[in-house]
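Shared between the two complexes below is subunit A, which has subunit B as its partner in the first and subunit C in the second.
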Partner chain A sequence: MAKHHVTTTINGDPVEFLCEPEQTLLDVLRDELGLTGSKEGCASGDCGACSVMVDDRLVCSCLVLGVEVDESTVETIEGMADGDKLHPLQQKFLEEAALQCGICTPGFLIAARALLVKNPDPTETEVRYWLAGNLCRCTGYDKIIRSVLDVASEMKRA
Partner chain B sequence: MTTALIGQPISRVDGRRKVTGAATYVAEFQAPGLVHGAIVRSTVANGRIASIDSSAAQQAPGVIAVLTHQNAPKLAYRAHKGAPDPGIGERLHVLQADRVSHQGQPVALVIAEGLEQAVHAAMLVRVTYAPEAAITDIARAEPVPLTPPSETRRGDPDGALAAAEVKLGQTYVIPRENHNPIEMHATIASWDGDSLTLWDKTQWVHNVADEIAAVFGIPARNVRVISPFVGGAFGSALRTWPHVTLAALGARVAGRPVKIMLSRREMYYGTGFRPHTVQRVALGASRDGRLGAILHNGDQETSTYEEFTEALLNATGFLHSCPNVNTRHRLAPMNVHTPTYMRGPGEASGIFAIESAMDELAVALNIDPVELRLRNEPEQDEFRQLPFSSRSTRECYQAAAERFGWSRRNSEPRSMRDGRQLIGWGMATATYGAGRAPASAMARLLPDGTAEVASAASDMGPGTWTSMTQVAAETLGLPIERVRFTLGDTRLPRAPVHGGSITMASVGSAVQAACRKAREDALARGGGTNDVTEAMRRIGQPVEASVDSTPGDESQRFSMHAFGAVFVEVAVDPDLGETRVRRIVGAYGAGRIVNPKLARSQCVGGMIGGIGMALMEHSVVDGRNGRVSNANFAEYAVPVHADAPPVMDVIFVEEHDPHVNPLGVKGVGEIAMVGVAPAITNAIFHATGKRIRELPVTPDKLL
Partner chain C sequence: MHPFTLDRPRDLAAALALRAQAGRNDAPAEYIAGGTDMVQLLQEYVRQPERLVSLAGLLDNRIEIGPQGLRLGVAATMAEVAADPAVVEQFPLISEALLNSASPQVRNQATMGGNLLQRTRCPYFRDVGYAACNKRAPGSGCAAIGGENRWHAVLGTSDDCIATNPSDLAVALVALDAAVEIRGAGGSRSLPLVDFHRLPAATPHIETVLEPGEVIAAITVPASSAARRSHYLKVRDRASFEFAVVSAAVALEMDGARIRQARIALGGVGTKPWRVPRVEAALAGASLEPQSLRQAAALAAENAHGRGHNDFKIELMQRAIVRAVEIAGARA
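After this line comes the complex of A and B, so read on.
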């Protein structure tokens, strides 16, 4: 089958790629474009490790086909820091030990940022439920919740 | 000069790479010409392959090769057993014969240009079987003694039980559980002549090299294994599983690098699991709560080809004082693949039984559960007749009870409520061995005042990179940012398996010794200065030291374990049967804590693992065919954010252990998982008056 030509914007840069019609966005990012920061934990939409933004919507990139992002804007973990300057969520996760093995971390960060964009002042319950689609087997979650709440209140003060 | 770094709550040195997506896990390495492998797995639990038709697969787009037992090269499978391999039995040989011993056994391998092509072609391979009767249900299996039999006896347990004023006997069941690290297992294999490079998800690079060398009949030095970042494992990456062999085999046949990444579903067949156990505990005690007899029997599933055993009953011999003790461990060989160690192996299961029974005894005697344990606190390890190198159970009970507010507990079941919710408080003791294995490390000071330190250890998440950098920097006398630690490559000095909470004790001791030697050498040659940076500037060339560090005879002279106490508050919905854990407080006597921030994080992670074990985790095996019917993250429930208790407190009690190892550390990764499940089920009893002896405690069991 012929490969499809896809034109998109990834982390602010125009990107064109060729992909098979059955290739997921996650596989395109990881295998074709070398953007391996998005992780695969299940390929079935259950773990959130592959979370990315497509046109400002939080999605599991394992459930999106590469061809679907034609003419779209994609944001991944690789675009989260501003050059050398970490996003406040990245900085806070690091300081609070909100990560261990790190395989779930990019997905959490993308999902948490999406939450704070939508709802800059979430309650603890809202954080817990928003992130319930992101699994972590290492940290026990408490530090992740605290990090997100801390960043929310710091951003409010700023 | 530098200040003390060991004991400081330093943030992860690898954290920046992890939060930016720059950390490279094994599946992300690129090898020129890389192609993909997909495994075809058996759909019967026992029998022979009657026929394989791979013609359609062979003609599918992109397919390079289809390997089955009919055309796969014969492999050497030389004898080799690493520490995580069962001592008795022989590992699974892949694609070497028509015999199938379990559901999900690899029966064919497809190599194709693209991943989707390989997966598609794998579905086109037609396999028929001559199935034979299979045992996949422990209730139908015939337990047999271990080789050699594992039975211990001190005193007269049967007589003491018969004569006891108060006695109880119950059966406790833990189902099969899977580690389910978020990162799937993956291997990339690339041959260059007779040399093989493997990027493999593993907790022990050197053992992968040894095993694959033995399988292929080549020298171990020809196999290089690289595994820098490991996305969680909890024991799943201790052994070298069949897919590693398949990747190497596929790469050899294809003449190109091959990547195999297991799917989430395959993780339930292609790696091990915590075995299903059935334990029987009988306790006899005096009315004032002194244990007179403990009888603890455990049966555990294993495969037909290997005797996998874990230290299921070990802690029974020393956890509480008791003159008459009998333990008997048996195995139930079944048509399943071989189980393996999963976080807190042995103790997490065995202590669930013992600490549940202790709670039942406390209820029977109407004695506070903490008080009952204090009345049975041993002076020494009564099983091995050795002093403990250190044991802080009393301090742990006290510290955790105080933080928890245990003194306000009303011992009556169903006596505490919050609205309609039934509130329960429970506790349990925890312990895990403090081991140490030989390890090597290298330290190289450079003229610019920086240092490179290395050991082929692994970091599946606890923070090996960080803690080793702390030990190295403090010992060298350098600021932490001037020290670079590397791990996860067989080209580095050999380290032991990253499991059993031995990494800090083993690799840490080696790193400390190598750094001490490098620093001494530098200062000796540095012209009288006491500043290592200045000395290195004067020397003008690298100063390197390599050390092999081995334990002494301390484990023969002392019984060495970490101990802890876990206190839990649950809320049970009386109408829905749903249990929520509201608070957990864990206190641990685990020797010196190298990095309290990361150690606390690890303990909280273990507590969540314990919540999963207690309330949700269960690999449901279909007793008719051995299939795991919930082999995915939608149906195998693991704790999510909403399950994490609002209060998770970790206390490290002050403990100085001069015997255990040079750093005085015991490790916390395993013990954090131990004791949580019984503390929760004990709390559920307190809340509801219902004693659930079979995990997980799903709502149906409380209705």
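After this line comes the complex of A and C, so read on.
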């Protein structure tokens, strides 16, 4: 099949790639661009491990065709830290051991950041419902939820 | 996924022309909007079009409210509609149904049109490992009848298919007398949403009245005071991020402590979004006493037909009606 030429901005840098119509954005990120931070847990929208931002919207990259992000802006976990300086959510996840195997972590971080941009002072219930589309089989969620709430309250004090 | 070509036409006329020759559901050429249902079904080989026609950027995404009511451009996302302040204020039922659907990720990507046209969650339909599914492969039989059918419908079923329509949005919209604006190469038409989905009968693979190539362009909802005094009750296997086992959308017009008019639709129990006019008639003039609500709700079970695992839904849907009417009735 004819490949499509796609022009995007990924984590602030202009990126062009060629992709087959049947490649998802997740396939493109991982297999064509070497951005393997976004994970494939299910490929059906059920786990959130592939969460990325497209034009400032949190989406599952496994449900978006690569061709459809032409002329869009994409943000992935690779762009979350500022050089060597971790994002406060990344730092907090480490401190509070909010990860074990780590497969779900990039998706949780991207989703949690999107929440705090939209709602800087969420309740615990709001955090839990917002992160309902992100599954974790290791941590039991409590440490993840607490990390997000702690970052929110630190941001408020700052 | 099977290989396909993808067209991203510059205007709607070109899209309509590309799709028009291809036939109804599961045709060799299909539209894709947000892709949240289509891509999943492509990944599972349930749908195998040769060509996809992208609707991205071709259809209206505006949300407009006026004296006549609400108009939703069909490209608006679930998240945009759910968060729209005027929708929240005047049509809370719609916002509640959407916020009780899927995850933030899916709601940010999925469109109104795709939501109304999402395919059933019948596990046999979605798994090509099962040969028998009349919806996926016409004439092949139905693995759910006589199989695991806890999730399946008890109303509007046929001997060929018992799959539910999974959309929460459609249940809320049907309760509010919404209509869909349809556009095709030959022009536009509008029809009540309640008439849009078809009963499975002997042709479960034909799910709607859309003619080949037609698109849904907009959803309209008439203004009414009942739209505010409403409640969407969704009963499901976990608190969030799950499809309905049973749901009830209720909108009430009250006359003091009595119901003047009730509008009620059910989800999770019908092969299409299911309005219950006999229950509504029995509630007209009734009080909110549990006894009278219970009697009226029992009428929803007329003609209900379980298949074993899903028998519990017949009782559960009556209780869901009672609870949703109580909650809506208690609202100011």
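Going forward, the second predicted complex is superposed on the first by the 158 of 158 C-alpha atoms of A that agree within 3 Å, B and C clash if a C-alpha of one lies under 4 Å from a C-alpha of the other, contacts with A are read in each partner's own complex, and residues count from 1 in each chain.
Rule of thumb we're sticking to: contacts are C-beta pairs under 8 Å (C-beta built on N, C-alpha and C of every residue); 3 or more make two chains touch, one makes a residue touch a chain.
Quick caveat: nothing in here was measured; it's all calculated off a predicted structure.
**Q** Contacts for A:Gln90 in the overlay, against subunit B (first) and subunit C (second): which applies, first, second, both or neither?
**A** The answer is first: A:Gln90 touches subunit B but not subunit C.
**Q** Considering only the touch criterion stated at the top, classify A:Ser72 as touching first (subunit B), second (subunit C), both, or neither.
**A** In the superposition, A:Ser72 touches no partner, neither subunit B nor subunit C.
**Q** Pick one for A:Thr8: touches subunit B only (first), subunit C only (second), both, or neither.
**A** neither
**Q** Which partner chains sit in contact with A:Glu20 here, subunit B, subunit C, both or neither? Use first/second/both/neither.
**A** both
**Q** If you stack the two complexes on chain A, which partner ends up touching A:Ala132: first (subunit B), second (subunit C), both, or neither?
**A** It touches subunit B and subunit C both.
**Q** For A:Ser147, is the partner it touches subunit B (first), subunit C (second), both, or none of the two (neither)?
**A** The answer is neither, since A:Ser147 touches no partner chain.
**Q** Once the structures are superposed on A, label A:Cys62 by its partner contacts, choosing first (subunit B), second (subunit C), both or neither.
**A** Second partner only, subunit C.
**Q** Quick check for you: in the superposed arrangement, does A:Ala111 touch first (subunit B), second (subunit C), both or neither?
**A** A:Ala111 contacts subunit C only, not subunit B.
**Q** Residue by residue on subunit A, keep only those touching subunit B in one complex and subunit C in the other, then list them.
**A** Looking at subunit A, the two contact sets intersect at 20, 22, 43-44, 128-129, 132-134.
**Q** Inside the complex, what are the residues of subunit A that reach subunit B?
**A** Residue positions touching the partner: 20, 22-23, 27, 30-31, 34-44, 46-47, 49, 76-78, 80-81, 86, 90-91, 93-95, 97, 99-106, 109, 124, 127-129, 131-145.
**Q** Taking the touch rule as given, give the residues of subunit B at its contact with subunit A in the complex, in rising order.
**A** Interface residues on the subunit B side: 11-12, 14-25, 27-28, 30, 114-116, 179-184, 229-234, 261, 263-264, 459-463, 597-598, 600-602, 604-609, 632-634, 638-646, 648.
**Q** Which of the residues in subunit C come into contact with subunit A in the complex?
**A** Touch list, subunit C to subunit A: 1-6, 8, 32, 34-36, 39-40, 42-44, 52, 54, 56, 77, 79, 102-106, 108-109, 240-241.
**Q** In the complex, go through subunit A and note every residue touching subunit C.
**A** Listed in rising order, the residues of subunit A that touch subunit C are 1-2, 4, 20-22, 24, 43-45, 48, 51, 57-60, 62-65, 67-68, 70, 111, 114-115, 128-130, 132-134.
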